[in-house]
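Okay, so chain A shows up in both of these, paired with chain B first and chain C after.
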Partner chain A sequence: MFSRHAQRGQVLPLYAFGMMSLLALCFFLFQYATTIRWQVRAQTAADAAAAAALSVQTLQWNQEMMALHAASVEEYRIRRLTQTLLLVAHYSGGCSATPSTSAGVCATDFATLQPQLVAAVKRYGDDIALLHQLSYPTAASQASDANTVVQALQANCGTPLGGDCAFDYTMTAYSQRSDMQAVSENPNEVMVGAGTIPAISANVEPARVEVVVCKDVKPIIPSILGLKLPTFRAIGRAAATTAMVTEEWLDPGTIVNPATNAVFLPKETEAPSRAVSAGAYDWYTLNFGGNNAVAYPSEDAYQLSSENDELSAYTGWWSTIQMQPFAGPLNEASISCAE
Partner chain B sequence: MRRVSHGERGQALVETAIAIGGFLLVLYSIIWIAQTAVIAGRLQMGVRYGSVVTAEISPYVDYSLYAAYNSVANPSQPAYTCTAPPAGILNDSAPLPSPTSAPFWQPPSSTVSASCTMTLGTYSQYALNRPFLIEQTQQAFSAAEPTPRFLAAAIGASTSMTASARFFRTPDIATVAYCFPALATTVHRSLVHDDASVAAEAAPTPIPSQPASNATALSAQCQ
Partner chain C sequence: MRLARVRGSALPETAVCIGVALTLLFGALEFALLGYDQVNADGAAWLAAHEAGLGLSTTSVTNAVKTPFGAAAANGVALNALPPDDTTVPVDYDYQQQGQRHGGASLVREAHEAATVTTAGVSPFVGALGKAAQVASSVIEPSVVFTNFGYDVQGVGYNTNSGVFNNHNAYFTTDANVPPYYVGFAFMQYCPTGTAFTASCSGQKSVDLGLAEYLDDDNYGASLTGVQTGGTFATMACHQREYVKLLNDVFTSSTLESNSPTLSKYNETQQADLVAIYHWDSTYDGALHPTNGC
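After this line comes the complex of A and B, so read on.
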């Protein structure tokens, strides 16, 4: 049997233990919430850096795509102008060798057409020169620029050009994507994964990049009851690759531009119309869209009969998309980590 | 039979009152920390959501021949669509609907603010192999939660929480035309073939064997 004096303060240790437990719970709850928040923040910073690094390649390729489309339009124009000049030189297509009331003089038409061909050739040459310039950077220089951009994110952190100042940034991998699939196309279908991929230059292969951001987050309380609390390492690891985010087909001579309510590329009258007879084909007008497609929305399809010349543009535009990290286990010794 | 002396009367009650008081203080602190942690976590998710969505918000408009045709004639800086962090993330509604949480886990709507701005960056001060351009978004998301009265004296009447993030994306085609005028001009020349443009052309010249150095230079307004 205990005396009354011996029972005094008996609750105190229990109370103290309970309070310590609650405080510890409170601390770990706070620490857990901090961990989650830092992890999300780190991942966002890494994703942003990977997208920025790859924009070196995507920007270049989109510029090339613009120049390439301009060159293809000009090339189509040159083909048609050359054909028309050939007809006129042979007194064909509707013009006349001698003046008449119903047809123009071929020599006059030739004089009208010739400077147009010269101008088209000049522009085509400029387009090709531009393409040459745009495609000048190699895969190696793209990788170098990507690394420079990642370093610039850290150097400019806190400014509109920079990344998150809390982290250290490291580009841990950059390479060309090796999992490309061959695409085979015929008039009826496009098949992905069919056939083999020919050997192509690394300069035109989509790149992939891996970026790691890191920060050692110290606990708000260094230690509890002599127990040193560990530092939490917030690591964001992101990989991204260059991908064709939009693929499109445009028949610029047929499809109406919603911004202008006219077709993207209207007919061009190369020389006064010399139709051979009423309703006959006008050889002297350049028509980019010689065939009309019929859409069948209910069947998600369209029908296009290829009866005349036309310019059909298949283009793809590039941006970055996130992907699974590809460089294997992360070697933490190879990255720097902000304190 | 145990007897209590007059000096010990009510002692257990006082001890219990103190213990319960301290216990409740800590318990409510835990609940408050949990509340602010959840809200702060959601703010961080909000800026991430806004960043990622803005990066790929409208690819069919941003990256297309449609954009190229309509931007090369008169290049101008497009009006960017920047998705601010959605307030719905704080109360489980759109764009990430989920079972609705109790109002306790949501900050007062009057304290919530979100913003998104987009700017252009070039890194022209760095020795890059070619002119570079990138679109950068700045997301900010903040909210405030009233502090429990028993803590207000120590840490203020309300607790403000803020999350921010920067993100980057490939410039859209209209911006490329705006910032690389020589490129836009060259493309536009090939898309327009009329008498005036034909008359303006000089005689063809051989295609240079080495790339020129100025045709893809950034315009002054983009630097």
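After this line comes the complex of A and C, so read on.
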């Protein structure tokens, strides 16, 4: 029998099928987007963890470089003071004296300079002691420190000191980076090791670390029509290494604070100025000189000039930079994965 | 009512309903596929930018994208290296020579890598009507570059980046990638004639201080750290002992002279001590033997 009533609902199966298909498509699209979102989140967590893992080494080396820099400046001061004191003892260097009757002004200058030498040697000793305290980490202890940091990220997750609580963190590789450029002479143009690159102790080589974060992400809908949907494993894998990112050098009396136009660090005058007439040289002033390196546009390079007795004391600040994972194919059996 | 008159009466309704339903369904399907393409492009752009930020070549980035996101997305990758942000605070430390600077320089600068992925889109329905949909996505990730490599870490246009970034390279392929302490050295130069240290100074001397030694092969290979014997910084402890010895020699004198006892004694003892101290050092053109006497 055909009737209008009998023909009602003919489109319904088609519509229902279409809607089901559409919903299924939307679900898979949503699932795909979720997968990518989790992957980005995992990679971000791994990137941050890898950088953090080497923070102990960068902190250690920054402190070490600071101590070395201070010691170097102090040593320069000691050298200069000893030279000046020797000149004064010879009634030279600008002080006036009548050696046959009295040490005159030279004795006064000597009395002024001598305690400063004592104080400088004491400070140098303090610098050495500090350096010694900072300088014990070995390559093995640095690796242990890095692993401790990674575990701390896991333990303190959800706090400012921790990582992303969604993931399990595993340090999968740690080694020294041996791909540095060959250096056969120091910047003073003095060849070292007869031009042969010396073997470098692992203790002072920059480290590299690889961190993997993992989570098994369950689907939003566990199953459809009895069909269990698979779990997605979000894995973030990142590597980082330590690198010197900033270089600085000492130039007291020259480097000016742009805001105040005053020098950050003034020149030192160890005793009242007594310039020697020839060359107007003042042995009593510690100019430091600085490296006096400037960038000359025409040279497109540094250009060094020495305008004073010069101390060239560079220092640099270490930080972490990202790099490509280096440990080969990932062995998933070796990592922990959050559920 | 006769059946013949009823038969087929619902056909127009059905045709309209099916037409509308199919249009809606195919439209929705089209949006779903476009959504898939967009999500795919977003993921591909992010991965491309992240990998490029690690210093991978364009070919390597394309290969990295191809596996998870498909050839269509991989072939649509376009990379663009972006310079670091401009220096917001102008730095000009040298008040006497504007345009030149002293004091420090960034070796590794925070640059960016932009990746754009453009795909034609899978649009069989709308596409059939001549409206091929195209999706695109762009992501910027940080990158590590060494700008103005080749001993010029400042260079032209430091503030504006314009001159610097044209000469950039991945960190690991530049001469900035050197062993630790390479730039952590120190030396002092002086004019032995006791005159001002200018270009006219002849026979200028350069002596190496503690930090200068760190490029010497005998401490690079030290198995110990610290200042103890055999340690990386052992020479500095030696220097410290010599300085203390110098002070002791001066201040423990038992044969003071009446006229100017301190000066005379200092004169005698310090000269000998200074001979030992300066024996550590090299001359400007000499070999580096900082541990002489230590």
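What we mean here is this: the second predicted complex is superposed on the first by the 267 of 339 C-alpha atoms of A that agree within 3 Å, B and C clash if a C-alpha of one lies under 4 Å from a C-alpha of the other, contacts with A are read in each partner's own complex, and residues count from 1 in each chain.
What we mean here is this: contacts are C-beta pairs under 8 Å (C-beta built on N, C-alpha and C of every residue); 3 or more make two chains touch, one makes a residue touch a chain.
Source: prediction; values computed, not measured.
Novice: Mind telling me which of the two, chain B or chain C, contacts the most residues of chain A?
Specialist: In the superposed model, C touches more residues of chain A.
Novice: State whether A:323 touches chain B only (first), chain C only (second), both chains, or neither.
Specialist: The second partner, chain C, only.
Novice: Considering only touches as defined above, state whether A:106 meets chain B (first), chain C (second), both or neither.
Specialist: second
Novice: Using the touch definition from the top, say if A:128 reaches chain B (first), chain C (second), both or neither.
Specialist: both
Novice: With both complexes superposed on chain A, which partner does A:206 reach: first (chain B), second (chain C), both or neither?
Specialist: A:206: touches chain C, not chain B.
Novice: Is A:76 in contact with chain B, with chain C, with both, or with neither (first, second, both, neither)?
Specialist: Only chain C is touched by A:76; chain B is not.
Novice: Which of the two partners, first being chain B and second being chain C, lies in contact with A:220: first, second, both, or neither?
Specialist: In the superposition, A:220 contacts neither chain B nor chain C.
Novice: Figure out whether A:245 sits in contact with chain B (first) or chain C (second), or with both, or with neither.
Specialist: Both chain B and chain C are touched by A:245.
Novice: Touch test for A:165: chain B only (first), chain C only (second), both, or neither?
Specialist: In the superposition, A:165 contacts neither chain B nor chain C.
Novice: Return the residues of chain A at which the contacts from chain B and from chain C coincide.
Specialist: Common to the two interfaces on chain A: residues 4, 11, 15, 18-19, 22, 25-26, 29, 32-33, 36, 40, 43, 69, 71, 73, 118, 121, 124-125, 128, 132, 136-137, 245-246, 248, 258, 313, 315, 318-319, 321.
Novice: Hey, which residues of chain A end up touching chain B in the complex?
Specialist: Touching chain B: residues 4, 11, 15, 18-19, 22-23, 25-26, 29-30, 32-34, 36-37, 40-41, 43-45, 47-49, 51-52, 54-56, 58-60, 62-63, 66-67, 69-71, 73-74, 77, 115-116, 118-130, 132-134, 136-137, 141-142, 144-145, 148-149, 152, 160-164, 245-246, 248, 250, 252, 257-260, 264-265, 268, 286, 313, 315, 317-321 of chain A.
Novice: Show me the residue ranges of chain B that touch chain A in the complex, using the header's touch definition.
Specialist: Within the complex, chain B touches chain A at residues 2, 4-5, 8, 15, 19, 22-23, 26-27, 29-30, 33-34, 37-38, 40-41, 44-45, 47-48, 51-52, 55-56, 59-60, 63-66, 68-70, 72, 119, 121, 123, 126-130, 132-134, 136, 138, 163, 165-171, 173, 176-177, 180, 182-183, 186-187, 189-191, 193-194, 197-199, 201-208, 211-212, 215-216.
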